[in-house]
Every structure is written in structure tokens, then in C-alpha cells.
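Scrolling down, you'll hit the structures one after another.
Next, two complexes with chain A in common: one pairs it with chain B, the other with chain C.
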Partner chain A sequence: MEVIQLLISGISQGCVYGLIALGFVLIYKATEMVNFAQGDMMMIGAFVAVTFINILEWPFVWGLLATIGVMAVFGILLERLLLRPMIGEPHFAVLMLTIGLGFILRAVAGAIWGNEPRVLHAPYVGEVWRVGGVIIGADNVAIVLGTLFLCGLLFLFFRFTRLGIAMQAASQNQLAAYYVGIPVKRIFSLVWALSAVIAACAGVLTAPVSLIDPLMGFVGIKAFAAAIVGGFGSLPGAILGGLLVGIVEQFAGLYLPPGFSEVSAYVLLLVMLMVRPAGLFATMQQKKV
Partner chain B sequence: MRFVRKTDYAQDVDLFQHNGQRFWYGLLALVVLLAPLALDRFYLGELALVYIYAIAGIGLMLLVGYTGQVSLGHAAFLAIGAYTHAYLLNHGWPLPLALVAATGLTAVVGGIVAIPALRMTGIYLAVATLAFAVIVEQVLTHWVSVTGGFRGMAVPKAEFLVDLSGAGAFYYLCLGSLVVSLLAALNWLRSPTGRALVAVRDSETSAQSMGIHLAYTKGLAFAISAAFTGLAGGLFAHKITYLAPDGFTLIMSIQLLLMVVVGGLGSMHGVIFGAIFIGLLPQGIAIFRDSVPPTIAQIPGLEPGIFGLILVLFLIYEPLGIYGRWCKIRLFFEEFPLYRKATYKKQKSYLRTERLR
Partner chain C sequence: MTDLLELRNIETYYGPIMAIRGVSMRVQEGQIVSVLGANGAGKTTMLKTICGAMDPQKGTVRYQGREIQARDPDWVARLGIGHVPEGREIFPFLTVDENLRMGAFSRRDGEINRDLELVYTYFPALKNFVKQAAHVLSGGEQQMLAIGRALMLRPQLMLLDEPSLGLSPLLVQEIAEIITRLNKEQHVTVLLVEQNARMALDVGDFGYVMEVGRIVMEDTCERLKNATDIQEFYLGMKDQGVRGRRRWKQRKTWR
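This part shows the complex of A and B:
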């Protein structure tokens, strides 16, 4: 029973990691930029949701939709103002830029919404079901269902829409995509918007489980580990890596001495990098000279 | 504009290119040597801190600026140096020996970290070093018998033959360490191994085809970089006098990176400029806090926010850092009426993909 209970909380936590990792991977795949501020974008998304749902008292669904809209605009603005001047700069510079961006977002969130943790009023909070001795919280179920729904949507988007296929083309070869007439820069903006929306969804889904405060974005670093475990650049890999990290973390918290729970994600990462440096789903190839 | 006419091969590897440089650096040496006569305790302490940052910066610059390997975990090396130094001093080792041992141990750890890191590039490396830093932080928190855990660990007074804990004496200790580190780093960079670092940074493929052993070079760079940072850590322990794990977090790593980026990647001048910048920034922020209304000054996380903002602005508008800006200004005056704006213009470039390594 204990094992199943841990598995459930591990899966729901892992889904959150997976969603943030999905945002990382989307941006990396399309633009080859590493967005270290993904966790902080999740934090901003959660706070925007709090503004609509708690403070303005909109119904949950409308609040969620408004949050998605605001975050999409936010993602586009970020790309236009900060990331576009960096096109063609080394990866390292972009990495540093997004780290700086994360600090700025944290300070801005602290200035606007204050530092005390908040709880999002979601309609399903507090409901629990007991199935044969195992307690399943509605918020955990919501996380898993939400993740599944988003993944399905993304799959359909990348498989069947013109825009999705253009995004894949831009991610495979920027220059070639230019040549066949894809507006690569506009695609980059939209990828950032999409990634911000996914981050916002992750924020809203995780809000009932963990409290919302400006520092919640640090989860992003663990999600980053998850993305690499899954093989940076693979969408299913990101979700799988997230699940793996989430589950390992829960079990490490119970069965290993204190302190191991926090580092388990990183130990997993280091082991993965040593054993299989390209991750579970490899997308990198050695260049033939 | 000055043209140096070289008449001897030794001039190519000379530390100073011409007598003008000898004069100015000599003047600078005189100023820093005589600084304790003119400054009071507080400013001497701040200046010593700048020197300590600069030593750590030399380490990070060798790795990031010259070898092109990103590390988000240098706070861990700083912590290892600081804790080792304090632990050994507490067990009765003399100060120079403890400092050397701290440097050596950090170098060994750096070398060990490099082994898995050699197989990675770019972001993978950055994240691996980040993971290493988080693990070290947890070890510091939980290995209570050595590190004191959350309660922390007191650092004994700096003394060797004479008392070194006074502001002036400690200033000279830090200054001496900085000069030695700087000369060591510059000499190393002029050696074949040092040149190999730059070759690895610019193109791994071409470096390899010229017979440079990539793994060995990168590993060495990691170890040496860690050694400098460990030395800085030992001095830093004396500066903060009480060690606790929360002094060596990700923020610290990023502050160190901020230092080399803002100073100017790929030059030792950049390290010094960056260290001065980082050392003076808290004072600047304190003044800023006093001058704005309290509603803004009370924002939590304001300081890291300003750090982040400065980093972003530098990366977008002055990627060459303070040293790059200084070079531009100097060139402007050297070529006075003929300065061309396009000299430093950013070339339009396409990203070199990392997916094909």
C-alpha cells in the first residue's frame, strides 16, 4: 500500500516536472536556446492565475483561459525584447541571459504579489477518494489528467497543423527553414508563447499541491535535470524523465537518510550523464568530418 | 597609436609589451601597496574582498573565458576550499600549509568532477556542474561531524608567525595571493598548455587535429580552475569568519559567473574589472536603497533582481564586458579623428548547432 501511495504522489509530482521539462525542450528544440527561467515562468503563470481567480474572483475555467492568454503574450514579449537580439550568440550567453531573467522575474513577482505563500482556489481542492486503502487526492488526479490532455493536444498540434510542422522544420534546420519560406523569427516568438503557456498550465496544476511564492520557480532546476535525463530535445523523453525524477525523489525521501530526497534528481542526472550522455531518447549525433 | 617594433623573439612572450605598460602597471603596484596608508579599516576590508573575488575569478576565467567550458558550480569549489582551510586550521595546521592543502584538495576534486564532465559540452556541462554544486551543498549541510551542519563552523584567526587578522595585514595577504595567482595564470597561459586551452575553446575539432588531447586539456583546466577557486575559498573563510552552507549556494556560483561576464570574457583584465564591480555592487545597491522610496527599497529579492538586470543588459548591449568597453574607448582616443564605428560591429552570424558535435 505504501508503495502505491508513494507511486501516486511521485507520478503527480513527476507530471509537473515533466510539463516544465516540456517547456525547456520545446524552446531548445526550436531555437537551440536554453531557457533557464522556465520554472520562473511557471511561477509567474501561477501568480497570474491567482490574480484572476482569487483576487478578481473569476470562475476557474475563465480564469485559466485568461491566464493562458496573458502568458502567451508574455512569452512573445520576452522573445521580442530579450531573446531576439541574442540570435546567433553562443549558447552560453543565452544561458546566462535566462538565468538573469529568472532573478528579475523573481524580484518582480515579489514586488507585485508579495512574498507570503498563496493558495489557488481551484474547485476540486480538498476532495479525496479512497480506493482500497490508498488515498488519492483530486488535485493529484487533476495534474495527471491535465498533463495527459496537454500532451495529446501537443501531439496533434505537431502532427497535423501547418504551424506545428513549420515549428518542427525550424527546429531541425534554421537555415533550410528560411530557404523554404518559413518565417523562422515569427515561429520563434510563437514557440516562446507556447512554452510560456505550458509553464502556466504547470503552474496552475501544481498550485493546489504546493504553495505559490516567488521562489517556487526553483523547481525548474529539477525539471531541467528531468529534461536531460529524458534526452534534451525529445518531447516524450521530457515527460518520461519528469516521471522518473518525481518517482525516484518520493522513494528516496522515504527509504534513504535525510538530504537524499533533495539531491536524488541530481544524482540521477549525473548517473545518466555518465552512463548514457545523450539521455533516454538520444537526439544528438556525432558530426562526421 | 603605438607600434611596437619587435627585435627579439622574447618580446613575443613578454608580460609587458612596451615601456608604457611597465610604467602604468608599476604605478598601479605602487598605489595598491601604499593603499593601507590612505584608507581606513572598512575600505581596506572591501578591497581585500575584491582581491579574493579576483582570485576566484581567475579560476573561473581560465575555465569559462579561455577553455570555453561553462561551470555553474564554482561556489562548490569555493566552499570546499573554505571548509578544508577552516577544518585544518581548527586542527592546528599552520596557515600556509592549510591554504596549500585546501588549494590542492580542491584541485583534486576539480579533476574528479572533470572526469564525467569531459564527455559533455555546453548546457550538459553547465547542468552537470550545477548538480555537483547542489550535492556539495547537501553534503555540507548533513556531514555534521566535519562541517558543523546548519550551525556552521567558526574560522580561527589568521596568524602565522605574526597576527594576520588585522585589516592591513590581511590586505597584504590577499594582495600577495592575488599577485602570485595572476602571475601563475598569465605564465600558464603563455605556455603550450595555456595555448591549447584557447585552441580547445575556439574549435575542438581543429584542436584535436593539431594533436591536442582534449580530455587531458579540459581535465587540467578544471583542476587548475578549481585550485584557484579553492585558494580564494581559504581566504574567503577568513573574510567572513563564520562558515555556513547557505553562503555557498547557486546565487554565489552565478555571482562568480556574473563577475567574469561583466568584466569581459577571455582576458585577465576582465577578471579584475569584474571583481571590482562585484565587490562594489552591494555598496551601490545600499546607496540605491537609501535613495528610493521605502516601498521599492523593501522589495524582497531586490539585490538578486538587480544582479539579473545588470547581467541581461550587459549580455545584450555589451557582450565584451567592461574590458571590451575600455578597449573601445582607448581605441577611440588612439585613432582620434579616424575612429570607425564598425570596428567592433557585431557580425551577423548563424548559430553553430550543438546537435551535431
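This part shows the complex of A and C:
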């Protein structure tokens, strides 16, 4: 029973890691840079949701949709104002920029919403079901279902829409994408919007389980490990890596001495780098360029 | 006959290296214009300057009378300039069908499916791979895909960068025929860059010869074929080394 219980919380935590990892990978695949503020974008998304749902007291679904809209615009603005002027600069400069962006976002969030932890008023908070001896929280179920739904949408988007295919094209061969007339720069803006939206969804989904505060974005580091475990470049790999990190973390918490749970993500990362350096899904998606 | 494309005193640099040293040339509507030149002559750089992948330091590129230099390549493509780049540059993990459809990304008209069929009639070999990832294609098939993809733009002008590279003589022949047919049947004006001088002079109406960033000769292809220099230097030697791909983008992309 205990194993199943751990598995449930591991999976739901893993989904959150996976969604943040998805944001890392999306931006990396399209623009070849790593956005270290991905976790903080999740935090901002969660606070925006708090604003709509707790403070303005909008119905949950409307608040969620408004959050998605706000975060899409936020992602586009970040790309246009901060990242696009950096085109052509050395990689590490861009990296430092995103790390700096994380600091700024945390400070701004603290200034606007305060440093007190908050709880998002989701309608399903507190609901639990007992199945056999296992307790299943509605918030955990919501995370898993929400993640599945989002992954399904993304799959359909990348597989069947013109825009989704163009995003793939731009990430597989940027120059050729330019040559066929794909507006690559606009595509980059949209990729940022997409990963900001995914981050916001992760924030809203995780909010009922973990508290919302300006430092919640630090789970982004674990999600980063998850992305590497998954192969850093594969979208399914990101989700799988997230699940793996989430589950291992739970079991490490129970079976290993205290403290191991916190570092288990990195231990997993090290093991993965030694055993299979290219990550779980490396063979599926090799980049040509 | 009007000039569809006109380059005037173009100078393009790679950092401190001057790769194009004052090139002027013109391509008239309906023509096939060939550009010959040895490795490193600057042919690819010139095409990149035309399509906007590189910005010239000096000079103008006019297309239909309008200055287009130093614009983004996607904007240039949308004017109707299709580019078949050196080394094919297909989208490796998209299917053949998706590759071709991406060629029509900027188009809004309802005739994309019709043009897809057209491409398959020009390149029946591609028909066998419609739903397969493009990286499984052979080099020759990838070249056909790259040409087909550029065709999906319904270009008025097509830039072809060494389409014969690495292909068997039979395939080179086939590509040459296709270029001629596209020019006659689809009224595509062609700027063809080639090391295979025989092929380039056979299909071309007018020709330029480039050496270290300059145009050193220009004439009708008929007369170039008979020029002794050309016979010695270009028609005599046939081998084309395999070159590593070079890339250089002037602050236009992330890499």
C-alpha cells in the first residue's frame, strides 16, 4: 500500500517536473539556449493565477484561462525585449541573462505579492478518495490529468498544425526554415509564449499541493536535471525524465537516510550521465544542425 | 526583357575576410543564368547575400526593381525567391510531405495540394517516401526534395547552389533536364551556381565566371563554352572535393 501511495505522489510531483522540463526543452530545441528562469516563470504563472482566482475572485476556469493569456503575452514580451537583442552574442552571455532574469522575477514577485506563502483556491482542494487502503488526493489527480491533457494538446499541435510543424522545422534547420519563408523570429516568440504557458499550467497544477511563494521556482533546478535525464531535446523524454525524478525522490525519502530525497534528482542525473550520457530518448531526436 | 534581379557592386565580409569583392550581375526574366567558379570563389556567399542570410557591407540587390539587400531571408523568400541551398538542408525529421508543405508556408491560396502533385510529377521518386522522415532519403532524393520544396513557394526566381554536388552523372543529367523544364513550363527564372561547368553551360542562357570574389568573365553560355580559358580550367577538370559545410550568419540566428 505504502508503495502505491508513494508512487502516486511521485507521479504527480514528477508531472510538475516534467512540465517545467518541457519548457526548458522547447526553448532549447528552437533557439539552442537554456532558459534558467523557466522555474521562475512557473512561479510568476502561479502568482498571476492567485491574482485572478484568490484576489479578484474569478471562477477557477476563467482565472486559469486569463492566466494562460497573460503568460503567453509575458513570454512574447520576454523574447522580444530581452532575448532577441541578444542574438549573435556568446551563449554564456545569454545564459547569464536568463539566470539574472530569474533573480529579477523573484524580486519582483516578492515586491508585488509579498513573501508569505499562499494557497491557490482551486475548487478541488481538499477532496480525497480512498481506494482500498490508498488515499488519492484530487489535487494529485488534477496534476496527472492536467499534464496528460496538456501533452495530448501539444502532441496534436506539433503533429498536425501548420504552425506546430513550422516550429519543428525551425528547430531542425533554422537556415532552411528562413529560406522557405517561415518567419523564424516570430516563431521564436511563439515558442517562448508556449513555454511560458506550460510553465503557468505547471504552476497552477502544483499550487494546491505546494505553497506559492517567490522561491517556488527553485524546483526548476530539479526539472533541469529531469530534462537532461530525458535527453534534453526530446519532449516525451522531458516528461519521462520528470516522472523518474519525481518517483525516485519519493522512494529515496522513505528508504534512504534523511537528506537523500532532496539530492536524489542530482544523483539520478549523475547515474544517467554515466550509464547513458545522451539521456533516455537521445536516439530518437538527433539534431542535424 | 527586364532585369528580375540585379546586383550592383556587392561587397560581403566574413568578419575581416572580404568574400565578395564588388560583384555586379543581372538576371533577366525567363533566363537561366549560370555562375561558375572554383572552390572558395564566393558563389555561395553571393547567393546568401541575395537571399538575405548575409548582409552586404556595400552595394545593392534589386529584385523587380526593389532593393532587398540586408532584409531577413524569410521576407525575401516571401517575395517569390526560392532557394535550394548548398548541401540540400532539408528538415531531417519531418516527412517528405511535411517538408514540401513547409515550402508553401507563406502561401495562403488553395492550390497547395495541386502544386504538391505537380512536384511529385517532376520528381516521381519522392512519391515513394511521402510519409517517411526526410533523413532516410539518399543524397539525390534529398536534392530533389530541396528543389521541390523551393518549387512549393511558386517562385519567380530560383537560386540553386550546386544541385549536382555528389550526384551520379545520370542524376546530374536528370537534374539539368528538370531545371530546363521548370524554366520552360513553370516560367521560373533560374540563377544556377555550379562547379559542374558542362552542365551549367548546357542549361544556361547566360553565364558568369567568379574568381576570389570577383566576376572575371561574363557572356552567353554558348560563347563561354568555346572560350579557351573555360575549356581549360572548367571543362577539363571534373572532380569536386567533398567540402565541409561552412556556416556563417551575420547576427541573424542564435548560432
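Quick note on the criterion: the second predicted complex is superposed on the first by the 282 of 289 C-alpha atoms of A that agree within 3 Å, B and C clash if a C-alpha of one lies under 4 Å from a C-alpha of the other, contacts with A are read in each partner's own complex, and residues count from 1 in each chain.
Methods note: a contact is a pair of C-beta atoms (placed from the backbone, for glycine too) under 8 Å apart; a residue touches a chain by one contact, two chains touch by 3 or more.
Please read all numbers here as calculations on a predicted model, not as lab measurements.
A.B. asks: Considering only touches as defined above, state whether A:E32 meets chain B (first), chain C (second), both or neither.
C.D. replies: Both partners, chain B and chain C.
A.B. asks: Go through the superposed model and pick first if A:F232 touches only chain B, second if only chain C, both, or neither.
C.D. replies: Only chain B; A:F232 stays clear of chain C.
A.B. asks: Of the partners chain B and chain C, which touch A:F92 in the superposed model: first, second, both, neither?
C.D. replies: In the superposed model, A:F92 contacts chain B only, not chain C.
A.B. asks: Quick check for you: in the superposed arrangement, does A:I165 touch first (chain B), second (chain C), both or neither?
C.D. replies: Touch partner of A:I165: chain C, not chain B.
A.B. asks: Between chain B and chain C, whom does A:G100 touch in the aligned arrangement: first, second, both, or neither?
C.D. replies: After superposition on chain A, A:G100 lies in contact with chain B alone.
A.B. asks: More residues of chain A are touched by which chain, chain B or chain C?
C.D. replies: Looking at chain B versus chain C, the one contacting more residues of chain A is B.
A.B. asks: Which partner does A:V184 contact after superposing on A: first (chain B), second (chain C), both, neither?
C.D. replies: After superposition on chain A, A:V184 lies in contact with chain C alone.
A.B. asks: Let me test your reading of the model: by the given contact rule, A:L175 touches which partner, first (chain B), second (chain C), both or neither?
C.D. replies: both
A.B. asks: In the superposed view, which residues of chain A touch chain B and also chain C?
C.D. replies: Touching chain B in the first complex and chain C in the second, residues 32, 87-88, 174-175, 285, 289 of chain A appear in both lists.
A.B. asks: Quick check on the complex: what are the chain B residues that touch chain A?
C.D. replies: Against chain A, chain B makes touches at 64, 68, 70, 116, 119-120, 122-124, 126-128, 130-132, 134-135, 138, 141-142, 205, 250, 254, 257, 261, 296, 299-302, 304-312, 315-316, 319, 348-351, 353-357.
A.B. asks: Taking the touch rule as given, give the residues of chain C at its contact with chain A in the complex, in rising order.
C.D. replies: Interface residues on the chain C side: 51-53, 72-74, 77-78, 83, 85, 89-94, 98, 101-103, 105-106, 135, 149-150, 152-153, 247, 249-255.
A.B. asks: List the residues on chain A that touch chain B in their complex, please.
C.D. replies: For chain A paired with chain B, touching residues are 28, 32, 34, 82, 85-89, 91-93, 95-97, 99-104, 106-108, 110-111, 115, 174-175, 214, 221, 224-225, 228, 232-233, 257-259, 262-263, 266-267, 269-270, 273-274, 277, 283-287, 289.
A.B. asks: Using the touch definition from the top, list the residues of chain A that touch chain C in their complex.
C.D. replies: 31-33, 87-88, 162, 165-166, 168-169, 172-185, 285, 288-289
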